[in-house]
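Shown next, in structure tokens, is the structure this report addresses.
Chain lettering (A, B and C) follows the sequence in which the chains are written, and residue indices restart at 1 in each chain.
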Amino acid sequence: MPIGNVQPSVRPVSSGRTDADPVAAEATGRHRGTRPRRSRGGARAERFAPYVLVAPAILIIVVLRLYPLLLGVNFSFTGDGERNGTVVGIDNYLELLDDSLFRTALGNVGLLVLLLPVAVAIPGLLATFIYLRVPGHRFYRSVYFFPAVLSPVIVGAIFNLLLAFDGPVNAVLGAVGIGPVDWLGDPDVAMFVVVGVHIWATFGMALVVFLAGFATLDSALLDAARVDGASLLQVIRHVIIPGLSRTIAFVAVTTMVGMLTSMFGLLYVMTSGGPEGSTYLPEYYIWIQQGQMNRPALASAASTVLFVIMLVVGLLQVKLLRRAGGED
Amino acid sequence: MKQRALWSAVLVVGLATAGCGSASDTGSSSGGSTDKLVVWDWKSGEPSAKAYIEKAKADFSAKHPDVTVEFVAQPFDQYYTLLGAAIQSGKGPDVMLFNGGGQIRDRVDALVPLDDYVAEDKQRLAGWDAFTKDGKTYAGPVTLQGHPIYYNKDLYAKAGLDPASPATTWDKFLADCAAIGKVGAKCFALGNKEGAGIQFWLSALGSGVLTAQEYDDWIAGKRDWNSPNVKRVFQLWKDAGDAGLNNDGANSTAMFNDAFALFQSAKAAHVIGLMSDVGHWKDFNEFLTPDKLGVMSAPVVTAGTTPSLAYDGGIGYAVAKWTSDPKLAADLVRSLTSTEALQAFYAEAGAIASDTTIDVSQAGPAAATIVGQLKGGKPALHVALSSKTLDLMGRVSQQLLSGSISVDEAVKQLAASDQAG
Amino acid sequence: MTRVRLSRWLLAIPMTLLALATIYPLLFTVNVAMKTRRDYILDRFALTDALRWDNISTAWNSVGMDRYFLNSLIVVTSSVVLLLLLGSMAGFALSQLRFRGSSALFLGCLAGLFVPFQVIMVPLARIMADTALIDTYPGLVLVFVAQFLPFTVFLMTSYYKTIPREVIDAARIDGNSVYGVYRRIMLPLGTPALLSVGILNALFCWNDVLMSLVMMPSAEHRTLMVGVTSLRGQYSDDIPTFASGVLIAAIPVLVVYLFLQRQIADGVAAGSTKG
């Protein structure tokens, strides 16, 4: 995967040099066009440099995330309540399988995966339009981020009011002759509503990432496509998607992680997992078991399942998008 | 150029951070020491609890002038999660607030039995049962929580009913509801989004449906889910929904506080509310005025039953077993349940306090009715159920309202869950 | 050309509608914050009859928000600076340098992205308690950095991969060490990505409740969002005061975003004119 080389340079570090003009450096890089020669041997420090650069990040992630994860997984094989501290094997996992609520939660994860392309496409398209300088693009760029700064509790409370059975949305529907929909009270509808609100509340963040991604896009290609008279759809399909494949992969993964680990606030306020348990997600299930039912070990087992799901779906996504982007 | 500006900005922020960090890092809290007690709750941050906390603190510092007390108000939605983390790592507050019933009974392993310390208060305070497990008491009750049926006398008058004599039988009640419907109001304000609606329904109406024997058996743990009267409670719930007695979209209406808001804005004539915290007489007095707010007993459904008010201990303070001086912490619990502190809590927050000697005559007729019914009151039916069964009951009740399950099937599922737990 | 222009204007219509939809909740929140509790319950949508600042001052004064504000500022700025530093270092190494084990290390970082906080909450609290880091600023900063570092490394790695190798080679020929390349080339070139990932990290850390709650149990070290969240009691009673708290917490993030988004946009513009 990594490109480039770490073969130390023969040239000594010039001590007099304190600053480099990156633009000039980049320009020379562009114009040179040829690979510089590599040389063998040299300072030992240079060979360890990549490890030195990576070490702090790896150390923190291993000590404060992966090691506790191991402890947590270990905990999921112990019991709750009376059996606190004793090893119970896979009992907790069997109980999860047996619990229809947890199965609903897993089913909803499937739904989220299906809805993921929509959740990625919306900020992607909006970022494209902003990048292409739609009239008012500065304004959109500023305000689309607004919902992201509001607490999910407030966002949930506002949508509760808007989507109430006797709320304004149904009033508008009624005015155009469509019967009222019980947005948050109908088990077939509620999950879509909550996911929709979540997408609405977070697309501003993905937009920021997309805009950063556009900075890496070679606009010469874009101009060429324009000269050739390509339509907007063609530009998106043949220039933007391949050019931004890494950014898209990144947004897809983080959006999915976000949907699986940060919808608690919305669920808590908007549906409380209901109606009829239809909006349960693993995260909410974990919260219920850990906080309300006092079943920490069972909650650990559910968290472990959530971790495995996220890992599998995430890595699959990265692979798929890599392939689609035609790299590596 | 731009880069340089950015870097200097980062540098300034970094320096400012370092400066703040060193300046304000004034020693961390003293865990497990004897000169400081840490209390966790979700109440002390509320303005209406301010006077209560101050009185309790004053009472405690009069007895223990050298000990400082720190109240940490936690967000309620993460309260028990946080508490769970503290219990599992064996490090946490010395004193903590609990809801009565399942929440405290599930966690008694981490608590100190208080019976020896609070013996003197046993007579003065009510509501101990909700904080008791296997004969040991784990918290001092602060409030009483129960489910009176409130009604709007104004709407009664508008519908041509006598506001002074609400229905005492279910048939009469249904007739009254029909009259109320004619003047454009709903019979019940119901919020069942959290599944709390059915809990309130069960406890508020249960005493008019179950016989005294069935009621006592239920509380004692001998619950016969196949009895016709138990089924009737759920049948009534379904019938009320089918007959349109509730506001529209009850399954998507939050009890807290959308359903209460419907009652407060006179869009519904009745609501099964609370005694303390919120959705209670003080809230309703504020919106309907005290003389328009009534409290009625459960209408009799099964002939021969005597309706009673359902209530238990609401919230109470418990002592963690890792505290270094349980006696000291228990003294704080006693201060938190002193008459003076509870008097302040009643006056500011409208809580029906556990101290039954407090005079509530100034609080209007509704509060007086509630307090008057305390003597004949019984523990609430839903509080006797496990957290797991309550959770299931919430979901099943939503299915009953939407018509996707029959009463028989609902009761069967509940029975299975109740017997498994 | 005119056709393109027309289609752009057509696009502007739904985008404007969406923009209005994103502004509305903020206005709604401001409106609610101005209302009395009674007005809110009786009619939630109606405009407030007066500009009331009591709720905001109640929210600010009642629970020591100034203290929490400072705590948040300390923890969030330290975390973000550390995240950007470590993230760009690792991102540079993983994207541009070839060394033994780099793929495994990258996967290790990636795995960290998929660890839900709930599963590590209790073990982590215990580790923090054992190392006396619980309830300290460095403790929460470390937890934040660990939480958001995988994301940061991931983004910086993908971003740095797009920088042509020739740029680095040229700098090496000019006599820069690997560290010199990082400092003089990678950091400046990474500005758009650093800014956006910095904004996002700041937002994540600022809005976090659960980690801050578990790692900072004392009131003294509590962060702003925890303080705001605890304004809502068991029954989410006083929405106007809560809305005021939310506004207090949101304003700094909005200001930072509005200030920094220009820099991101400049980065985008610079990128688009490069070729």
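Just so we're on the same page, a contact is a pair of C-beta atoms (placed from the backbone, for glycine too) under 8 Å apart; a residue touches a chain by one contact, two chains touch by 3 or more.
Model, not experiment: these values are computed from the prediction.
Look at the CA centroids: the one farthest from the centroid of chain C belongs to B. Contact analysis places A-C first among chain pairs (by count of C-beta pairs in contact).
Computed centre separation for the pair chain B/chain C is 36 angstrom, with centres defined by C-alpha atoms. Chain B has its Cα centroid 38 Å from the Cα centroid of chain A. Chain A and chain C have centres, each the mean of its CA atoms, that are 14 Å apart. Under the contact definition stated at the top, the residues of chain A that touch 2 or more other chains are 22, 287, 290, 296.
Across the assembly, chain B contributes residues 3, 77-78, 81, 84, 88 that each touch 2 or more other chains.
For chain C, residues that reach two or more other chains under the stated contact definition are 122, 188, 229, 232, 236.
Against chain B, the residues of chain A that register as touching in their complex are 22, 81, 84, 160, 163-166, 180, 182-187, 190, 268, 271-272, 274-277, 287-288, 290-294, 296. Those residues of chain C that touch chain A in the shared complex are 7-9, 11-12, 15-16, 18-19, 21-23, 25-26, 28-29, 44-45, 86-87, 89-90, 92-99, 102-103, 105-106, 108-120, 122-124, 127, 142-143, 145-147, 149-151, 153-155, 158-159, 161-162, 164-180, 182, 184-185, 188-189, 192-193, 195-197, 199-200, 203, 207, 225, 228-229, 232, 236, 239, 242-243, 246, 249-250, 253-254, 257-258, 261, 264-265, 267-268, 270-275. Residue ranges on chain B touching chain A, taken from their complex, read 3, 77-81, 84, 88, 103, 106-107, 109, 193-195, 247-254, 258, 387-388, 391, 394-395, 398-399, 402, 404.
Residues of chain C touching chain B in their complex: 38, 41-42, 58, 62-63, 70, 73-74, 77-78, 81, 121-122, 125-126, 129, 134-137, 188, 191, 209-210, 213-214, 217-222, 226, 229-238, 241, 263, 266. Remark: chain B residues 2-3, 6, 10, 13-14, 16-17, 20-21, 24-26, 28-29, 38, 42-43, 45-47, 70-78, 81-82, 84-86, 88-89, 91-93, 256-257, 261, 264-265, 277-279, 286-287 touch chain C in the complex.
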